[in-house]
Amino acid sequence: MELGLVGLGRMGGNMRDRLRAAGHTVIGYALDPETTDVNSLADMVKQLPQPRAVWVMVPAGEPTRSTITELAGLLSTGDIVIEGGNSRFTDDVEHAALLREHGIGYVDCGVSGGVWGRENGYGLMVGGSPEDVQRLTPIFDALRPEGAREDGFVHAGGVGAGHYAKMVHNGIEYGLMQAYAEGFELLAASDVVSDVPGVLKAWSKGTVVRSWLLDLLVDALDEDPELAGLTGYVEDSGEGRWTVEEAINNSVPAPVITAALFARFASRQEDSPAMRAVAALRQQFGGHAVRRVEPGDASGPPGTAS
Amino acid sequence: MELGLVGLGRMGGNMRDRLRAAGHTVIGYALDPETTDVNSLADMVKQLPQPRAVWVMVPAGEPTRSTITELAGLLSTGDIVIEGGNSRFTDDVEHAALLREHGIGYVDCGVSGGVWGRENGYGLMVGGSPEDVQRLTPIFDALRPEGAREDGFVHAGGVGAGHYAKMVHNGIEYGLMQAYAEGFELLAASDVVSDVPGVLKAWSKGTVVRSWLLDLLVDALDEDPELAGLTGYVEDSGEGRWTVEEAINNSVPAPVITAALFARFASRQEDSPAMRAVAALRQQFGGHAVRRVEPGDASGPPGTAS
Amino acid sequence: MELGLVGLGRMGGNMRDRLRAAGHTVIGYALDPETTDVNSLADMVKQLPQPRAVWVMVPAGEPTRSTITELAGLLSTGDIVIEGGNSRFTDDVEHAALLREHGIGYVDCGVSGGVWGRENGYGLMVGGSPEDVQRLTPIFDALRPEGAREDGFVHAGGVGAGHYAKMVHNGIEYGLMQAYAEGFELLAASDVVSDVPGVLKAWSKGTVVRSWLLDLLVDALDEDPELAGLTGYVEDSGEGRWTVEEAINNSVPAPVITAALFARFASRQEDSPAMRAVAALRQQFGGHAVRRVEPGDASGPPGTAS
Amino acid sequence: MELGLVGLGRMGGNMRDRLRAAGHTVIGYALDPETTDVNSLADMVKQLPQPRAVWVMVPAGEPTRSTITELAGLLSTGDIVIEGGNSRFTDDVEHAALLREHGIGYVDCGVSGGVWGRENGYGLMVGGSPEDVQRLTPIFDALRPEGAREDGFVHAGGVGAGHYAKMVHNGIEYGLMQAYAEGFELLAASDVVSDVPGVLKAWSKGTVVRSWLLDLLVDALDEDPELAGLTGYVEDSGEGRWTVEEAINNSVPAPVITAALFARFASRQEDSPAMRAVAALRQQFGGHAVRRVEPGDASGPPGTAS
């Protein structure tokens, strides 16, 4: 079928390739003149046969919102918009309401797979009405991995359910990554194991912890056995935060996912105000040595209590 | 080659099958007359050609210790013992020292793969001297999954390194399981997603969180979509505790693995003394309603503060 | 001075007593005919001299919002409303805007001290304009503990700052309570210490952990040395959740406060869906015993791995 | 009564002062010729009347062990040793056994109060036989704060119980400090509250979170309102680690105390190997920007996913 695709970055560009390889016609729009197929959103819409389908794949928040607002003015009754970025599920309800006023359908789709999706296919989590989702089946089938549909695609529920599932997926991902990371650090810190990268590699097949993330960590250690070329500074992009907020909203304990999120926050702090407060307390009650900011005033040996 | 195998339970029994299927001669010994090949450890030792190799696959702690002590009296210089159970790495040093007095070699081997190892092969993490490990290569090759050796086998270091690597493996496993579990609970608690098992199944291929553990959870949800037939009571068998203790010994922050361990502890408490203390405090300072143990004295509505 | 006071529950009733004891005139309004001084909000407003000051002390959320909306219709330019309940700081901005349309001032005041405040005085955290706060000084001075003003009162910032400070206060409170609770549970679980209540009592003076919360826990243990009459079921009333959400909004790691919040969530679960998922996984990969829901099908001994 | 006191550092020196002020005769021994009263342990023992009491107040571990070993050779049947340092409770059992061979009694005493104890008195947690503890009552009464004995002193149980109680005390202390620290950081990070030190000061009286530690933090903020002169580098001295290990040994969930411990570990890392692993994973699957170690190769803007 024919599809408009807004956003041709790391994700959108690869998706265009995969869809075309499957025989679909994709008209892509991006700001970058090197990669775009058309000069404007309006051009893209004009070239699509009715009823149109337009996939939005731009950063969450303002870029997505303004794209959808512009599409609301360009598309017509019976058309459909798919939001495939990392929007918060609460945004989907607003997007759908805005488009519904114009008779335009809305489907949200969480897409997982990173830069490998072009070759492996993407895991797709979709929210929307059964009719809207049904109509897009050929697109979803081209994007998902080969094999049984349900192994790489789910119609998770109404509008928002796709991004909700993707949000939880990413929350889990935070926890998985941190679990491997803690194990890696412990193996490296202890002197009992002499071949740390070899240990992780030996987990690749047969063990309980084998996974795609493990394979990626093995690849990274192949290139740099101590990850000495990196610094431990880790961004986050929202889904982990939202997962914790939803856990709180639903009174669900989520200590692992939350610990993984906080570890990222801490990784970005040059110095921790909280730990300065702890240092100040120890100095106050125990006369414990502290590290002062002033150069040349390095701490002596640690004190003898708590 | 020929191998004595002590312990023919869920793990040992399957390993005997896999080794025999690969053409090795295995003389198994277990207390159960239905499964044992010989009547005693002494019998087993007698039937093995020198230099002998004996694999111990019995529960960690006292059973392993007493088996190794008995073998020390039965085996001869040049023989070798492989400890394949879930011993703490610190035990390995003692085992090796005990056997060394008799000129007997010692190799520790962490084995991962559960009941699926018979078919898939087992991930093997090995500690010991290069000579001892080298001699046992045919056995390790039969037990590990097919394919490249380093994807399912590692000589991780000296005595103890195999069990150390397995300990960390299991610590990571705790974290991975808890991450999926928290995500599952959140999906189930919220009413946004209507097909929770379908969401997890759709992660099977293509997504960043795909893994063998995910596949198993999908299987479990296929049988029981809400896991309604189970109670959330989870044992632990030592490696998680040791991992946290080693993290502490090495000053390594391990919040995710520790949170997973504590969640298991809490799952086994009918009532939490700590939370009784928190309830008592809220009652003391705020006059907040508490739940008393006496029947018929149910708590009223929650108080209005903290 | 003269003050209208809406809400005469545990907190409001005690505050009326304390204010009157300090010589202020308080006209209290509550739904309960036994405790109210007037028959309606309108009555209360009528009896107050202009410019009026009305303190709202009703549950956060809808009750507070509707009270403030009604007051907006009854009060006049130059009057002032003090919101002393546990509102979220984001509500304050809305309350202030609503009243400002009518020329009515707004001050938010976090109040801490529980049922003991009547005697000890209350800790007060106030947000609002300098003029509004200044005008209410006599009231604040009567409510706060005796001694230096700054030990029990702070003008923390603009509208919302009082409730923000109170929110963080309660988040810290969660962490403090949980820290004592964990220590109590460990002392009780181990058999090394034979006099647990005596240990906590001995911390009352001289030690680093002495505090008012400790005193309260000592009192509770005096009445019930094992807290055997309580169940470990603990409500929360919002501020802990908001604190974690604000920590996330500001990228501040808050593992202790969050762990305390999650412990409350878990305390209210009869069975944990997450731990059912972990149990299911262990059964899948290791054939580990699980506890089934069916009566009579109790779990066997724990399995031997992970 | 007369007491030998070994170790005259921050704690021991102050204790000598407090004991002498209460009318006791203290013969102190330390390596420092400026502070010691005698030239050797043997000298000290010689000057004490029988039955002797000797209080050991030196760093835990080797210094304490060697002091006690030396005392075992110098003291006689009927004498008694008090171990007042921060020994692990498991060490007490060994110390007591060693001394018992010589007919010498042993009491372990956890001492809390820091540098303020000289003036305020010390909280004392004591383990040992009723006879031994009874004999030392005059010493304990002089060291503890004035007022009711049970508010600052407890005979917690047999040998080791004193240090066990002190260990848990310190574990709680970690949690309390971290709770205040997280709250401080959040207040400072947000821009809602404009007077952060003032807020903490206003908690000093009347509020639920008032405590001695809060008072100390207020003092620290008085001197340095943003704690800008300190770095957030925090040592730990063992008791927090032991508390977590004991929690694990007793299957007690201790998330708050553990989070506080891990925060200290993390505060001492220049860069986190675990977070390097997370960064490596994000780069592998998503092409996310990472921060490389090489100068001039600063990270670009964060990637757009997870």
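Think of it as A, B, C and D in the order they're written, each chain with its own count starting at 1.
Methods note: a contact is a pair of C-beta atoms (placed from the backbone, for glycine too) under 8 Å apart; a residue touches a chain by one contact, two chains touch by 3 or more.
Every value quoted in this text rests on a predicted model; they were computed, and no experiment measured them.
Counting only chains that touch, the fewest steps needed to get from chain A to chain C is 1. Here the C-alpha atoms of chain A line up with those of chain B after a rotation of 180°, rounded in steps of 5.
Looking at C-D alongside B-D, one finds more C-beta pairs in contact between the chains of C-D.
Interface residue usage between chain A and chain D, two copies of one sequence, is largely shared: over half of the residue numbers at the contact are used by both copies.
Ranked by distance of CA centroids from chain A, the top chain is D. If each chain is reduced to the centroid of its CA atoms, chain C and chain D end up 31 Å from each other.
A straight line joining the Cα centres of chain A and chain D is 43 Å long.
Averaging Cα coordinates per chain places chain B and chain D 36 Å apart. Taken residue by residue, chain D touches two or more other chains at 114, 173-174, 178, 180, 182, 185, 189, 208, 212-213, 251-255, 259, 262-263, 266, 272, 274, 285, 306, whereas all remaining positions touch fewer.
Note for the complex: chain A touches chain B at residues 89, 112-114, 117, 120-125, 144-145, 147, 150-158, 160-161, 164-165, 168-169, 171-176, 178-180, 182-183, 185-187, 189-190, 192-195, 198-199, 201-214, 243, 246-247, 250-257, 259-260, 262-263. Those residues of chain A that touch chain C in the shared complex are 208, 241, 244-245, 248, 251-255, 258-259, 261-263, 265-266, 268-269, 272, 274, 285, 306.
Residues 9-11, 59-60, 85-86, 114-116, 170, 173-174, 177-178, 180-182, 184-185, 188-189, 212-213, 216-217, 219-221, 224, 227-237, 239-240, 255, 263-264, 266-267, 271-294, 299, 302-306 of chain C are the ones that touch chain B when the two sit in their complex.
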